[in-house]
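The following pair of complexes shares a single chain, chain A, combined with chain B in the former and chain C in the latter.
Now for the complex of A and B:
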């Protein structure tokens, strides 16, 4: 408000700081951060707290009754919850490391002085990132159609297949993993590349003087240099994977036989198909706790070492 | 020399493989549903893009859907850009009581999965009678933690002398913000705007829950809803997918410098 008053009045040049303006400067940070903080409180913090409250209620024929930890007990005994967690876990331990390794290789190649058309190649690998999850999920579902998709046609030319993408449990997971890898590898590679270009060249020079080969330079200079960004992308990928929703929603609907059911899909089904808000909220809280624990573990193991 | 050729050519092949889905999306969107799954699959553009768009119009009212997506993403970009820039400035350039804990609280939003808020937000929008409205989509994510983080990072590079010079000249705080702080932030703002637009344009889960009638749909909802109908029209799905993806790809090619710096800004700085 003081600032507004200032704005209306003619600004005198080089006057001594007045008490009024001093108060304005003191209030200013609250003024600037208030919209974000209020919106965050209303649409994030309050719902987060409310979700926990809801998770303590049971839905019985449209009636909400307080049930304590019943939803959480049900969760622990729910085989579908565990298989959804398992499916997510498989992607987490197979797809994420493969993708990040691929991205590191790509970044090193993009950083190589031998490479031509660098700008174009970097751009090409980054392109998938701007495609929406639903859009590329649908596109991949059509490309990977087992009977007559483009991918199986090409594989057929090479005498392979037909691969039962999307219709067989294992291959449906591979299909989702492929789509994820297509979408995110270039993005991660560009993050690594930026880091590589910021690494001091003299470390490489010193290693070269010491007679280190290409592999040893990669092992002892490149990888340690990348550690902080690898940690960052690992944490981001973990959070993203645990919330996986759009791709399996459009590619497999969680099938076949729940083999691509994720926690996100299971939460959605309980909340917005069966309208069991209490149980959906309990799943959401379990998800939050899992993400928190995994994040802490990753920081513990990768974060502190020099 | 040969190593150069080998490295460059193998990466070019790899890029080609990565770009095939984009090419085939364009091809597929110009063919009828039956041809999309023909043997061999179509490899060159056909002549039925307009037919597919007409199908989209008659089945999901696609022009309204595109309008919804455009308005929602634009509105969101402007408002969230303002909220995030102001907050970023506040957190970067002022020393005030509670700064670190409040910022930490906002950054909690990066870790807590957004799915936790789905049920409560749905109940909230139901009570406010805001389901199927633009504000239901735009409001909840205006204070986007990543956007605030990004702007705080960029703002911290702004020299303090610039601000104190403005204050000595008697410039009020809001005026200082508009006249002194925002102009040199243009590259960061461009990156933020692109990020926000893309985020909202592609968002799916929350709109899926909050937009329950067809005339309120955004593009991802509309194209996902075409699946699993009795006779799924794949030509139409691909045409809708192309409308969702191709403008963003072109925008990316036009503004790639800002795009990449925008999406990296948060990631690379420690």
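Now for the complex of A and C:
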């Protein structure tokens, strides 16, 4: 943000004649960025720094005693932390790639010249994104209710026995994955679509001249073209997944037996259910480190190569 | 602070002292207060009361009467919802009392945590005159609200363990529920009931999707004078009593007698309406809920105290209670306390609440009212009030919920889910739960 502002601020001033105007121009970018920076400092930077400080304390609700790295040591020995991390990992490894593949397919389909009512259909796929997290979580919880849900009723018509959505470890994970996929696929597809429309047509023409079929054009022109946005969506989905909270909170409360407990939920439970804010802050910082490492790895493997 | 000009500092000091003096003269001397009725003519201001569903609606009805007695106080009763209220109180206390209501309705399961973990979060009620009500409540209640010589709340409802059942269904199955002596016999009765009527005995939220999924387990422990913690705060989850309780639940489940109440409260309510389970092993307050949920089932329900865990064992336990506390940061403590007193220490108020929602008071003098001794048409002419009053009068096991109850509840419900959904061994999962709780809280496990 600062880089942008500097670039914008510097060039228009060609050798300012008076010293006073020169100083004003040098100040301008800082003045323009100040409101955003101040707000960021007050509402983001300060809590972030304070949470780190808090993570070094043993908290008992209102009572705090300095404990150094004790919370972090406790974290390493906490089986619930590891199972929360494992659950998050499963979603990351299974749900995110499936959803992104689906989104790419969807984007290509939406870009097809054969498709009619494009605007309407695109809007339809993007709409879930507009739904509030809690609202759609509740919706899925009701639809997937094992006893009275619509989904099991329809499956029952097809002769498929009641599926223990939400009440069985594996199925609860599937249910959360389904909800996430429903909500975010259209959003990712729209990002891909924007990129697809920016890809130069002559690449496709050249490929066609070389005799490439539809699959080969997709494989050798479309996919490489999408690379930067795939990185973008992958990083965003990774961060989103690691911070996953609302959907499992509303649908399963992290149950049954912690099978959908995510790091976000565990953090929340420690802070607001168990009054252990120091430990919750330590979890938050562990999460930050994990997100940072994963982000770096993704940039390394998918980022623009010189 | 070091850079504060000296004069400014003195001004601030004077202000603070003035504030202290003000609050001291407001409620400092209980002897000076009028002896009759709720005290505190000095009580003025706007107060906010936090509660949930039924109790909130009952308090709203008491407000006009209260405001007639205290014209200087304006009362806003808010239905925060349960369990949302616990998160909201915690957040408020963590923020140093910011945005907290003045009067807080708090369950016995959360009271110790708020007292111990947020010193000053709840006001000591003795300076406001709480001591004059010391002997007014059911046995064990004053101990529950006191800690280290201070009094943090006034008791509202005292719930005894109960056993509500569909008498018509059991009659069809040829089972005499009143004669059931132990939970072993309950299991047998449940098998017969299912064979004859196809109805399952009771429901548990097996995946622990909502709070309250461990109610039955907890009651089975309390009937054995045991709980998650002993009075010293040690963990007692890996005891013979706990294994016995969870084994009863496993046997019920293995016999196919436990319906899954995943989804918690709403599922439970629809199971009452549809009659898909025959027993609600719930405390006193639940009678009013059944009556309200399924008025058309009038005459089909009956109630008794729960059967003992072992032959000749206890059948009475005060399983939980709720209380009104005053926020430590409230600026209108006198008015807040006056309202709590008006609701909780006047028999008329408690009788009205009992008539409205069937919430059983801890205030013993309220039980002189005939409403507690009338036959209930909904419960087949039984004197429901007397059944629970008898339990309430007995000396009860004082349950130590401790400040780590939320953590304990989490490991317990996880252990129960393992037993109910995966057929795990009760002793093994309880041992694991006890060890995990010890790791998280630093408490000792007593086996």
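Points worth noting:
In this section, the second predicted complex is superposed on the first by the 274 of 306 C-alpha atoms of A that agree within 3 Å, B and C clash if a C-alpha of one lies under 4 Å from a C-alpha of the other, contacts with A are read in each partner's own complex, and residues count from 1 in each chain.
In this section, contacts are C-beta pairs under 8 Å (C-beta built on N, C-alpha and C of every residue); 3 or more make two chains touch, one makes a residue touch a chain.
Because the structure is predicted, anything quoted here is derived from the model rather than measured.
When the shared chain is aligned, chain C comes close enough to touch A:80, but chain B does not. Once chain A of one complex is fitted onto chain A of the other, the partner contacts of A:104 are absent, as it touches neither chain B nor chain C.
Contacts of A:145 after superposition on the shared chain: both chain B and chain C are touched.
Comparing chain B with chain C, more residues of chain A are touched by B. Of the two partner chains placed by superposition, only chain C is touched by A:166; chain B is not.
Of the two partner chains placed around the shared chain by superposition, chain B and chain C are both touched by A:272.
Judged by the touch definition given at the top, the superposed model places A:257 against chain C, while chain B stays out of reach. Of the residues of chain A, those at positions 145, 147-148, 253, 272, 277 touch chain B in one of the two structures and chain C in the other. Those residues of chain C that touch chain A in the complex are listed here as 86-87, 90-91, 93-94, 113-114, 116-121, 206-210, 260, 262-263, 267, 270, 403-404, 406-407, 410, 413-414, 417-418, 421-422, 436, 439-440.
Of all residues in chain A, those touching chain C in their complex are 60-63, 74, 77-80, 141, 145-148, 166-169, 172, 252-253, 255-258, 269, 272-275, 277. For chain A in complex with chain B, the residues that touch the partner chain are 2-7, 11-15, 17, 21, 24-26, 28-33, 35-37, 39-40, 43-48, 50-51, 54, 109-110, 112, 114-117, 120-121, 123-136, 138-140, 142-143, 145, 147-150, 153, 182, 186-187, 190-191, 194-195, 198, 228-229, 232-233, 236, 239, 242-243, 245-246, 249-250, 253, 264, 267-268, 271-272, 277, 280-281, 284-285, 287-288, 291-292, 295. Chain B makes touch with chain A in their complex at residues 3-4, 7-8, 11-12, 14-15, 18-19, 21-22, 24-25, 28, 36-41, 82-84, 86-87, 89-91, 94-96, 99, 102, 105-106, 109-124, 139-143, 145, 148, 167-175, 177, 198, 201-202, 204-205, 208-209, 220, 223-224, 227-228, 234, 237-238, 241, 244-245, 248-249, 251-253, 256, 259-260, 263-264, 267-268, 270.
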